[in-house]
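This is the structure I have questions about; it appears just below.
So that you can tell them apart, the chains are marked A, B and C in the order they are listed, and the count of residues begins at 1 in each.
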Amino acid sequence: MQRYLVRRILITFPILLGITLVTYLIMALTPGDPVQMLIDPSMTQADVEIKRRALGLDQPVYVRYARWLGEVLRGNLGYSISSGAPVTRRVGERVGPTLTLTGTALVLSYLIAIPTGVLVAARRYRSVDYAVTFLVFMGISLPTFFLGLAGIYVFGLRLRWLPVGGMTTLGGDGGLLDALHHLILPASVLAVAGAGALTRYVRSSMLEVLGQDYVRTARAKGLVETVILRRHALRNALIPVITLAGLQLPALLAGAVITEQVFQWPGMGRLTIEAISQRDYPVLMGVTLITAVLVALGNLLADVAYSVVDPRIRYE
Amino acid sequence: MNEGLSPQVRYPRGGTTLAAGSGHRATSIAGSAAPVPSPAVSYWTLSLRRFLRHRVAVAGLVILVLLTAMAVAAPLLAPASPTAIDATAFQAPPSPLHPLGTDSVGRDVLSRLIFAARVSLTVGLLAVGMYVVIGTAVGAVAGYYGGTVDLALSRLMDVVLSFPPLVIILFAVSVFGRPSLWNVILVLGLLGWPAVARLVRGQILTLRQQEFALAAHAMGASDAAVVLRHLLPNAMAPVLVAATFGTANAILVEAALSFLGLGVQPPTPSWGNMLTDAQSLTVLERMPWLWVPPGFMILISVLTINFVGDGLRDALDPSLKL
Amino acid sequence: MSRVRARVTIAVTALLIAGLVLPAGVWGGPRSELVVVSGMWSPPNNFSPFNTDSAYGYYAVRFMFLPLVESRLEENQLKFYPALASKWEVGADFQTFTFTIHPRAAWHDGRPVTADDVLFTVMTISDPRAETNRGNAVALLAGLDARGKRTPGAPIGFRILGPKQFEVKTRTPVDPQAFLYEFGSNMYIIPRHVLGDVPPDQLSRHPFMQNPTVGNGPYKFVQYKTDQYVELLVNEHYHLGAPKLRRLFVRIIPPTVMMAQIERGDMDLTAGAGIGSILIDDWDRVKTIPHVRALSFPLPGYQFVVFNFQRPYLEKRVRRAVAHAINRPLIINQLLRGEAALAEGPIPPTMPYYNKDVKPWAYDPARARSLLQEAGWDAGRTLLLRVPTGNIIRERSADIIRENLVAVGIRVEIQKTDFPTHLAAIRAGNYDLALVGWSGSPDPDVSSQFRTGAVYNWLGAMSIPLMDQLLDEGKATPDPAKRRQIYNRFQEVFADELPYVVLYYENARNVIARRMSNVLHDVSGFYQFQTYSWVAAPQ
């Protein structure tokens, strides 16, 4: 296992290099650049050329990439083109809000999905199962922006229970309660969307496991159904759930673009979208680099978790 | 509990031996092209019979067929052209002339809804079909062979998962030049497979160590046979879930892609782009005809696909004996 | 395990109940001071007074930094009002302008604003090493090259007459209105004592641009909560009188949620003109909200179809046919619910130089068809119409335009892309027709768009000798009466040549809380004219 881990970690570095190189190239080849898109009547031709030079856009792509890589190796992710602020700061200030929102939503969605999934698996093809199925699919048949809007309409406008938009009350440091109050709506919308899929995964792998011999053996031994469900079945049904959790780790930091947009949440998803729409290459590269590290980490953790859940799984 | 084959049938309790394949689906799901031994006829007949008794699944299949027929026959069914503008009725509520009202530029919602089935169903089914096939194949090979093969394929998945998808899509727009439905399918298919691959790989990693797989191998079955006939069928449960959710997602994402210059372009309707009209409180509260119909169509399609998927899985599962 | 789960369940339930049942007031502290909240759609990326990246950035900047004068449109005339400058005089030569800075005008740290600060601002903007997007503000000054940049060591047309007085000279005689608009009202003065020692090429990354604590406007910078709001505090020593409001927030909020906030009374006014206004779908709804006023007024910005002049088949008759084919009245009356105006040219109907004798081409599909026939239009040809995302009315109008063109026999394929891709494709000449919008300006000099080879001429890449000649003459003529004749003629030529088919001049659709008064918009349509005089009743 130890050798495997070392190998996995070592192989990450050339992969990161490859990912950044390819992303850089693709970005450079994508139409539109940060200066080209400035059509401001207050700007002169000279202003445009000065910007192009100042941002190094007059250099060929490979020079730009080499410079970027050199800076990264020295721990500097460069400066945002649109704001002039250091990329580490632009990205760093998003980490907290993003983790708060996606983390809460993720925990909520697992809290909803695992019990619900087990329940509907045990009650397969009964009305509870159909009702949950229907709700789950209703949740995914409408776009997130619409669900967010509906949440705002119901809880923010009609009932006036919850504030709409933002992380805190304006200017105020309302403390933890204020922050929680603002968190409820976006985190719930995100959790509902996530829990739907998760419920179905838990349900289907529970069903799969419940058909297996050892579960039958357990039943034959006369064990109580809830004990079977909890002790024997659930643990073995977790493989796809772990895979999903591994896949979701990068998403945890990547943020939730639409939810952040609708609820005015200053997360990583919005930063990414802004960076793309402004062709802010350094910011985008910073985000890509972090995503790549997290993807590698998430899948590594999932692989380790597999062998914990199922000790028969071995990696050489 | 085991009486008959009502849809209530659940996990059989009878004791079974640990012989290869017992208690597990010994055959791949339809389309995996596993060589079917001579009693195949009876196996498929049995499966079909089992499927037909799964009433919800049958209902789902019927609706799905009807939806497809609607898409094919759209020009015959739609009361008006999906692009024609009624200059006197913008965002008009349902009326005899426009049974489901008109949209934000005065087009008949019902006609657009019917035509939209073409794009949405094609994208939903083909894109997901594509990445499920790729993902399953890659995941199965990685999980089964392990070692260096797994390491290489898994890192490939990491790479694909690490690229910022929006950048890839914008790049694709410039590469493809002209937008088309097939480009959307291609992009969704090529970006979507690693998640499925990881799911399948995770399943296969644990399944390949189980007795029935080891036994099959010991009895001289080839790698391909073990994977296709013994492992994959048992790994398909999460894949089916991923596929049904992927379908809904693809239908919605298609609309977002057309905003980036990929995919069907206006004025061609799709359920996803019809929903983008619903971006204001006024529409949400007072113009349900702009968002209920497309939302309902997506719900129906995904639900039916899900039920058909459930039915298929149960029907092909030999552990559910007649 | 069950106990853990029970505890989690209880905790979650308690949280939910607390969140749902407690009224909002319990969560935040009571507002004891006079606070006003303004809303805009996107975040400012920085607060550089000469280089912030967008209209959003300048909206925030303008509460903290002033230009020399502020401008406002009154009865179709551009009027200038004191801001940092209390007086200005135009020399008889149409070339010399003398400004006197208000005696009490001071920086937020107490230092006086001087002529030296203005000189520093001009030197920075004209420095060939400094990144800026205000080049046009100084481009007319003597001593600078034609592109508005200075050669190191060369003298420029700027003379300090005293600590609070200076004189500037232009390269050639200019229309005083044009000069006052560009130099006087579009250039925000920056503090030399804070930024004077920063190398010009380092200015754009200087921390001051993220944290502009030393301004000269009626409000002081407090903090920027990324992507959420900019917080501003009253400048009690403001030279034209301390503002009545204590605190001002510029909130960043998407249009749909902005509507919910307005209904809830969380927001007092929209920023205006393309950066924060009411969605057309919500326009009727907002009029029914009792505590706000819904206001619409004409704006100088316009949307248009641009023709690719590199396509020989898009000749004059075809362009005219397109103008006749597009049902612009339908777009204005249905899509925009009448909240728009039409003019056949780039000079806004509300601006002083508008030629009201030039009538827009009528919606006339029959005429369009016969023009196409005259031009020998190939019915098998498909035109590529490029549409950028981001403006929902413009996107919807594209569907109408396509339908209209198809109706007269022009096949059209739409390609919708994000804005950077859209512009890149146009620059590459990869389009037949494209939808774009300009924000419009009170000065009629539009040569940067239509003059052959000018900075934004790639949009269409037209080269129309008669237009070039008129644009050059207009630019070189300082006398307003003669200028008017030239631009009247220009608008006639424009309607004849049709390098763009203008679609509509969209009205501003804004709200202001009824508790507020003295809120006036400037010439560009932003509620940013003399913001120190805003009055609001307590909530």
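Operating definition for what follows: a contact is a pair of C-beta atoms (placed from the backbone, for glycine too) under 8 Å apart; a residue touches a chain by one contact, two chains touch by 3 or more.
Please read these numbers as outputs of a predicted model, since none were measured by experiment.
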item	value
Chain pair with the higher count of C-beta pairs in contact (A-B, B-C)	A-B
Longest centre-to-centre distance from subunit B, chain (CA-based)	C
Central chain (by mean CA position)	A
Inter-chain centre distance, subunit A versus subunit C - centres from mean C-alpha coordinates, in Å	36
Distance between chain centroids, defined by C-alpha means - subunit B, subunit C (Å)	46
Cα-centroid distance, subunit A relative to subunit B, in whole angstrom	22
Numbers and ranges of subunit A residues touching at least 2 other chains	30-31, 145, 149, 152-153, 157, 276
Junction residues of subunit C, two or more chains touched	256, 260, 263, 418, 421
Numbers and ranges of subunit B residues touching at least 2 other chains	170, 173-174, 279, 281
Touching residues (chain side subunit A, partner subunit B) in the complex	7-8, 11, 15, 18-19, 22-23, 26-27, 29-31, 124-126, 130, 133-134, 137-138, 140-143, 145-146, 149-150, 152-153, 157, 196-197, 200-201, 204-205, 207-208, 210-213, 215-216, 219-220, 239-240, 242-244, 246-247, 250, 272-273, 276, 284, 287-288, 291-292, 295-296, 299, 302, 306, 310, 312-313, 315-316
Of subunit C, residues touching subunit A in the complex	1, 5, 8, 12, 15-16, 18-24, 27-29, 35, 37, 42-43, 45-46, 48, 51, 53, 128-137, 139, 145, 147-149, 186, 201, 204-206, 209-210, 222, 225-229, 231, 247, 249, 251-254, 256-257, 260-261, 263-264, 266, 418-425, 427-428, 438-439, 441, 448, 455-456, 459
Subunit A residues within the subunit C interface of the complex	30-33, 36-48, 50-51, 54, 79-80, 82-85, 93-94, 108, 111, 115, 145, 149, 152-153, 155-157, 160-172, 174, 177-178, 180-181, 184, 230, 261-266, 270, 274, 276-279
Residue numbers on subunit B that touch subunit A, as the complex places them	7-8, 10-16, 18, 23, 56, 146-147, 150-151, 154-155, 157-159, 161-164, 166-168, 170-171, 173-174, 195, 198-199, 201-203, 205-206, 209-210, 234, 237-238, 240-241, 244-245, 248-249, 252, 255, 272, 275-276, 278-279, 281, 284-285, 291, 295-296, 298-299, 302-303, 306, 317, 319
For the subunit C and subunit B complex, residues of the former touching the latter	255-256, 259-260, 263, 279, 281-282, 284-285, 327, 330, 334-335, 387, 389, 392, 395-396, 398-400, 402-403, 413-418, 421
